[in-house]
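Starting off with a structure, shown below.
Letters A, B, C and D mark the chains in the order given here, with residues in each chain numbered from 1 onward.
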Amino acid sequence: MNQNTSSKNATKKTDWLAMYRHIRTHTETICEPLQTEDYVVQPIVDVSPPKWHLGHTTWFFETFLLQPHLPDYQVFNANYNYVFNSYYETIGARVIRTDRGNLSRPSVAEIYQYRAYVDAQMALFLQSIHFTQHLHPLLELGLNHEQQHQELLLADIKYILGHNPLFPVYESKKMPENKVFLDDSMCTINEGIYEIGYNGDGFCFDNEKNRHKVFLNRFQIATSPVTNEEFLQFIESGGYRDFKYWHAEGWDWVQKHQIEAPLYWHFIDDRWMYYTFNGLQEINRQQAVCHVSFYEAAAFAQWKEMRLPTEAEWEVAAEELDWGSRWEWTNSAYLPYPGFQKEAGAVGEYNGKFMVSQMVLRGASIATPANHSRKTYRNFFYPNLRSQFTGIRLAK
Amino acid sequence: MNQNTSSKNATKKTDWLAMYRHIRTHTETICEPLQTEDYVVQPIVDVSPPKWHLGHTTWFFETFLLQPHLPDYQVFNANYNYVFNSYYETIGARVIRTDRGNLSRPSVAEIYQYRAYVDAQMALFLQSIHFTQHLHPLLELGLNHEQQHQELLLADIKYILGHNPLFPVYESKKMPENKVFLDDSMCTINEGIYEIGYNGDGFCFDNEKNRHKVFLNRFQIATSPVTNEEFLQFIESGGYRDFKYWHAEGWDWVQKHQIEAPLYWHFIDDRWMYYTFNGLQEINRQQAVCHVSFYEAAAFAQWKEMRLPTEAEWEVAAEELDWGSRWEWTNSAYLPYPGFQKEAGAVGEYNGKFMVSQMVLRGASIATPANHSRKTYRNFFYPNLRSQFTGIRLAK
Amino acid sequence: MNQNTSSKNATKKTDWLAMYRHIRTHTETICEPLQTEDYVVQPIVDVSPPKWHLGHTTWFFETFLLQPHLPDYQVFNANYNYVFNSYYETIGARVIRTDRGNLSRPSVAEIYQYRAYVDAQMALFLQSIHFTQHLHPLLELGLNHEQQHQELLLADIKYILGHNPLFPVYESKKMPENKVFLDDSMCTINEGIYEIGYNGDGFCFDNEKNRHKVFLNRFQIATSPVTNEEFLQFIESGGYRDFKYWHAEGWDWVQKHQIEAPLYWHFIDDRWMYYTFNGLQEINRQQAVCHVSFYEAAAFAQWKEMRLPTEAEWEVAAEELDWGSRWEWTNSAYLPYPGFQKEAGAVGEYNGKFMVSQMVLRGASIATPANHSRKTYRNFFYPNLRSQFTGIRLAK
Amino acid sequence: MNQNTSSKNATKKTDWLAMYRHIRTHTETICEPLQTEDYVVQPIVDVSPPKWHLGHTTWFFETFLLQPHLPDYQVFNANYNYVFNSYYETIGARVIRTDRGNLSRPSVAEIYQYRAYVDAQMALFLQSIHFTQHLHPLLELGLNHEQQHQELLLADIKYILGHNPLFPVYESKKMPENKVFLDDSMCTINEGIYEIGYNGDGFCFDNEKNRHKVFLNRFQIATSPVTNEEFLQFIESGGYRDFKYWHAEGWDWVQKHQIEAPLYWHFIDDRWMYYTFNGLQEINRQQAVCHVSFYEAAAFAQWKEMRLPTEAEWEVAAEELDWGSRWEWTNSAYLPYPGFQKEAGAVGEYNGKFMVSQMVLRGASIATPANHSRKTYRNFFYPNLRSQFTGIRLAK
């Protein structure tokens, strides 16, 4: 459906610089509708301030490309490593995640200066002899990293504005339209040995390897994601009040947080409304349900007397599916593929160390940047998380 | 290695009663060395007071067999459902887990009376016409449930006594000897399609089904578990202080709780000691390391440049392994097998609702009752838990 | 009304031993109705297990009298200092308060042996030449300390049994009857300079000194405490649901804990019941309201358009008051009197270090031992505490 | 020393408007050096975002003066009541204190528009016939309320910048100079009956009434506050490591938070530095120690073998003291004076409902606005708070 960021055949210098500029610019385009104050706040630990995303993605290029590989590079500000390092233990101390929203400085203007400075240096670097071929994968990683943060940015912006009692409008033209789904057909995949995992010659994350064989029983999988209409039926039939559909952990979560609907849904004057990038609106019943936790996805499937697909089932069936609107919770835990190897050094911390306690999501969403999705992509979140653009696909 | 509790061919009435008595008596034998006070306390939420185990296992027989199936059965005490229901939401309100250690009543003597009463009624019941064949699986479930609690009892007793500053002795003759391991060979299993899951005609838990095919790459697996000697090398080489061996979640756990060794280990006067059922003793280097979390198991494997086996690998290789001393952390998350079905009603809550966020352990331990282990058994705990008799087996 | 434990004129050796035995025996009499299990649990951090009280009071005599002053005294168990030291930082490490309920050992039987051993040694000591006159105040402190714990024991026993879903009966004959109050008259005290604080020649705590002058405006004070009848009117008129009667901190407490009535009150089948030492009973409307927090006492007074007395007002009016049924919350914070001096050494930690954030209670209660009350006695608790036998007296 | 905001003799219309403008402008002057981002964050629950202070003080005038008293007044934004109400339960729902830092909107620019709008309306109102004499006290309350927030603003700005790893400079010229103190003399006040509490004809808060008689013993009180030099001696002599100087609650606080020095002090390269409005600087030993908790103040006094004065002692001696640099912790709890009466309605919530668990501070600080201090002023904070400009004065 979508295409990969790059292929190894297209590594001409000019391409890299254009690609760098294109992706870097897109990040700033996402932030254009924000007011300065919107860049600063961190309402919950899982949501980072937009200005932190702007700085952190820039820090990645400075730390992993410019500092080690551009001779005589002067860091923009030596204190920024402390502020913008997210979780790379190798690279020294870092502001802990819960504290990011306490930092008013560096200011948004200073961070944009930081971006401009690093971008100028990167332009020099990418056109220099120092940008040798063995650094191409590292640049690609940095660009894909920035694209991941573009999606996180949109989710975090939605959280910040959607939890403000004034429900401010972001700007609809920055976001693709939400599709509508009318089809509830299922396709059947036969028992057999299949291969999953990345095996192209473009970019992929380390967690998509090795490509390997899996044995699958015959299964059926819905070609479209679950809609708001269907999810409303679950709500109205008391799905949130009957423990029998829920994991024990999910039921505790429902009780503790008094969950009654997906994130951003509000029952106002006898109507279900939800917060969108255009403000508060009535639910569109034909759109795919969004912002549900794994617990909710699994409970919905149980109520439907079906189940969520595994990630292998999803990938094998992907060509038959209408995907790309929602990150779809699978019933697979996020674990290494056979033969998975962490890369050496700090970039080795990228994926492997998160392979416990999280669930895999497959597909992509309306917030995923163009050219940043593929059917082998393994996204992962804790099962209680709802701020991403998550949805449900049924299997049986 | 071990045999199952029963087989469907041996369902004569007299057998069931003898088996019931044998298992029920063993629970009380485990508690013989306790003082009354030891039955009462709950030092952490994961550890239940021994008297609660005694009551809860009894409540199971009363609630699922006697009440619905023995005509005119009089419950021993109508309030006990509230006290001894553990998590069956179907069966009504329950004392929440964190409150069990606050209850001094019912007294230990009253709970033993409760056991005696239910045992007498069960004896009548099992010899009556009311104990029809379709109830045999329910009885078997109750007996296996009690055996599971026998192991939990031993783990909880060890926790209670091992966290008392007086380090009281339990009584060694109640526990089998710990084996010593001298071998570090590995066996090799070839790539291929294998079947895992239970397919005998005896008892198994619902989570062991369906038996199904899996495709495995070629792998090697150690025939013996990791010893204290090997784990000491990990400690002494700084394994607990280098984040690179750890999952991010595990590293947070190490930092937050200042973990420096397995549970029950104490560094006293320049020697490593550990608390055992015989009190504080010097580490026996040839015994299998015990009471480690999944995080520690995974970090150890990473330090060894190996990995933990998956549960499928473990089961396929089981015949070649020396297992049964420790519950062995696998790198598999606890998820349903293809075709898994919850049973109808309250017993359907037994396993399925825990299938998120936990890791599978395979094998058995010195605390597992005789006749309560099989190679398809799927134990599961949260990755931070260490109070069970957990150990490590390496693969690559 | 009540008399003091001793006077300096009555310090003959035989008296001290008899007094010691009398007080020590009374502690054990209080515990007679308990089952072993009741001695062990600690439902909340503010409630200590009864066996801890038994050990701690004994540890006081061992640590402050026998060890330093009886030659060749052998401590019963060197580990007990760690277990039974409550808060004396001078005397070394201690089990933190939240952990007391996790300790099954020493057993109840062992603690009674400890008491017997220390009592035998104390008998020798009190009759020996080593018990010199300058040690009399220390013994008196130990005896008053034990009497304080007798009242705490009763409060903690009530909490343990009263929070058990089986509502077990303690034993009424161990407790004096609750008086009934029919009078709502007030007495008037004129403006003037008064003296408060202890100035007799018997025992008093350091916090009752120095006796000093205070200037009081004219005030009125109720001669009887507030009854359940009056408090029911507060409840029924919505007192718990209107913030305007409450301190901000009290209102937060009401909201957070969903407080709707005094501790131990339950609204069952349209009637207000409360847990008493005789089990669950219907409210006796003429008894003094009991088990209220300072917040509730102050809110009630506000609702009545009156106020709580200060401790100086209370003491000055004491001769006119019917007191001794309830510890009466005053509107005075617990602070040092002019000229207050901590005593040197560990016993100096007795009172002074608590002189922040707590409120003073005056009087005594049905749980106070005979001969352990006087009108200058300053009891103190945090304003949210309700497990003591606390009540309300109005002033204006 | 300082003079009061107004006197009842000076209530000409023009005066009120000038005073209103003067005070409102000063708030904005304080914020001039801030960048937009600095207005938004809330690093801890006790620190409010500067933009919240700007809005809340404005909301006070809108809610209590314009809405009820200016005919046809149109509220600026009906949602602002929810955002900017701090604690007035009477006035409806409010954003809870911990959430203020999550709100990026209304933006800083919008809040300045809100201020401009309300100020214009207030100018009309204060010159209109609607501003009748009985409203003068309410306006005065609003102006004093705004002055209180000016000091809180400075404390919160210092906290926000001083906890940023970049230690940004505020702007020194916005703050008065810190005085130096060289004198350690004490003055003596004789035993007697004194009067305390406000009795002038200007403005005072309700908690300063009634003026009433107190009896004081003879005491001595230092004429100058404790300096950094003296406090350094306390640190260097191990004052933070010896429990005997501390309240039990204070010692727990020291242990839990690993307190080793006043807030904003950092031991860097063998020197004690502190964060000031001009950035990180070496300690000036002759300035008064600042940003200490009550616990630290009391422990310091104990170490000096002195004590803190009571608020009555402070007020009686005030004419002899060099005060105004620091809010001085007294050893008095914040409780009502004899005859204290809450005012009717929402403004009655101003002071009375906080009269539990807090300690009184007397004096004023370098952050107190001119004309907003008097010797009868009763400030109050919880004993652990250090973000205000608090200091120590000794007595004995």
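Definition applied: a contact is a pair of C-beta atoms (placed from the backbone, for glycine too) under 8 Å apart; a residue touches a chain by one contact, two chains touch by 3 or more.
Owing to the predicted nature of the structure, the values given are computational and were not obtained by experimental measurement.
Listed by label, the chains touching subunit A and subunit D alike form an empty list. Of the chain pairs B-C, C-D or A-D, the one whose interface repeats that of A-B, sharing more than half of its contact pairs by residue number, is C-D. In the contact between subunit B and subunit C, the residue numbers used by both copies make up over half of all numbers at that interface. Subunit A and subunit C have centres, each the mean of its CA atoms, that are 58 Å apart. One inter-chain figure worth recording: subunit B and subunit C are separated by 45 Å, centre to centre, where each centre is the mean of the chain's CA atoms. Subunit C and subunit D have CA centres that are 37 Å apart. None of the residues of subunit B touches two or more other chains. Checking each pair of chains for touch leaves A-B, A-D, B-C, C-D. Subunit B meets subunit A in the complex at residues 87, 89-90, 193, 212-215, 217, 243-244, 246-251, 294-295, 298, 307, 331-333, 335-336, 338-339, 353-357, 359, 383. Per the touch definition, subunit D reaches subunit A in the complex via residues 35-43, 51, 79, 82-83, 95, 99, 101-108, 160-161, 163-166, 168.
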